[in-house]
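Going by the order they are written in, the chains are A, B and C; count residues from 1 in each one.
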Amino acid sequence: MTTVYVTVPTDHADDIATTLVEERLAACVNRFPITSTYRWEDEVHTDDEVALLVKTTDKAYRELEERVLDLHPHDVPCIERFNESHVLEAFADWREEATT
Amino acid sequence: MTTVYVTVPTDHADDIATTLVEERLAACVNRFPITSTYRWEDEVHTDDEVALLVKTTDKAYRELEERVLDLHPHDVPCIERFNESHVLEAFADWREEATT
Amino acid sequence: MTTVYVTVPTDHADDIATTLVEERLAACVNRFPITSTYRWEDEVHTDDEVALLVKTTDKAYRELEERVLDLHPHDVPCIERFNESHVLEAFADWREEATT
């Protein structure tokens, strides 16, 4: 199974999380308040953001990535895929049922 | 090695984290305040919760999963296993010593 | 690609995150406020800390690990490596450019 890590500006977090679940591209999205330090155009910046852990399935991954690109305000958003080596069976079944 | 991702209702987080460490099923548990949006019985809900990152070992994983199922108030809890590709050796040794 | 998970005392988080990005060992560092319960010298402790998710590359990993060991106040810091199975191509390119 697949968990997708996405960082978003704080004011876009609710909308992106809710849209992904409503459109059945994710069964669940956990939101974390974070502070990010990063290099952009060769200068170091620090901003408050929100990290999303998006619980989806292998089957839904590509469509989810496309949809995040649509919804995200940045040209180069952080979209990273991590695979679980095991998920509690009943929880895995629920993730399958809740996504397309 | 193994890190286990579990989400719990806020009022159960301290108890579950402390029990897992006291019973040597985990060397350490990091707790994150989160907001979750998820689909349940075909409706979309949003709740505040806590995410646990449970630092354990391959050997202790099955017993840990069973114990979380005992302690968790939900029938279908989020229990997901992620494997590190590398852990600082001294920290890995400590994780082995601190768990059964 | 590689994301490195590090936990640090709260008062060291800004300095370590900024140094890793300034020295091009990381493209970005996301900081999470956390509470940790852990076993140390056979007693269970609970402290507030900060978790760092350090976005780097395979090439920079060893040097990054060494630098965290320099900067970190603990003798046995939590330094764990997780590999993404996929990263959005444009974001992966940016991570390569922003690190040595």
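Things worth noting here:
In the analysis below, a contact is a pair of C-beta atoms (placed from the backbone, for glycine too) under 8 Å apart; a residue touches a chain by one contact, two chains touch by 3 or more.
Just so it is clear, the structure is predicted and the values come from calculations on it, not from any experiment.
Chain contacts here are complete: no pair of chains fails to touch. Where chain A touches chain B, the two copies mostly use different residue numbers: shared numbers make up under half of all numbers in play. Centroid to centroid, with C-alpha atoms defining each point, chain A and chain B lie 20 Å apart. The multi-chain contact residues of chain C, meaning those touching 2 or more other chains, are 32-33, 82.
Residues of chain C touching chain A in their complex: 1, 3, 14, 17-18, 21-22, 24, 27-33, 53, 55, 82, 84-88, 90-91, 94, 98. Chain B meets chain A in the complex at residues 2, 5, 7, 32-39, 44, 46, 49, 51, 61, 65, 69, 75-83.
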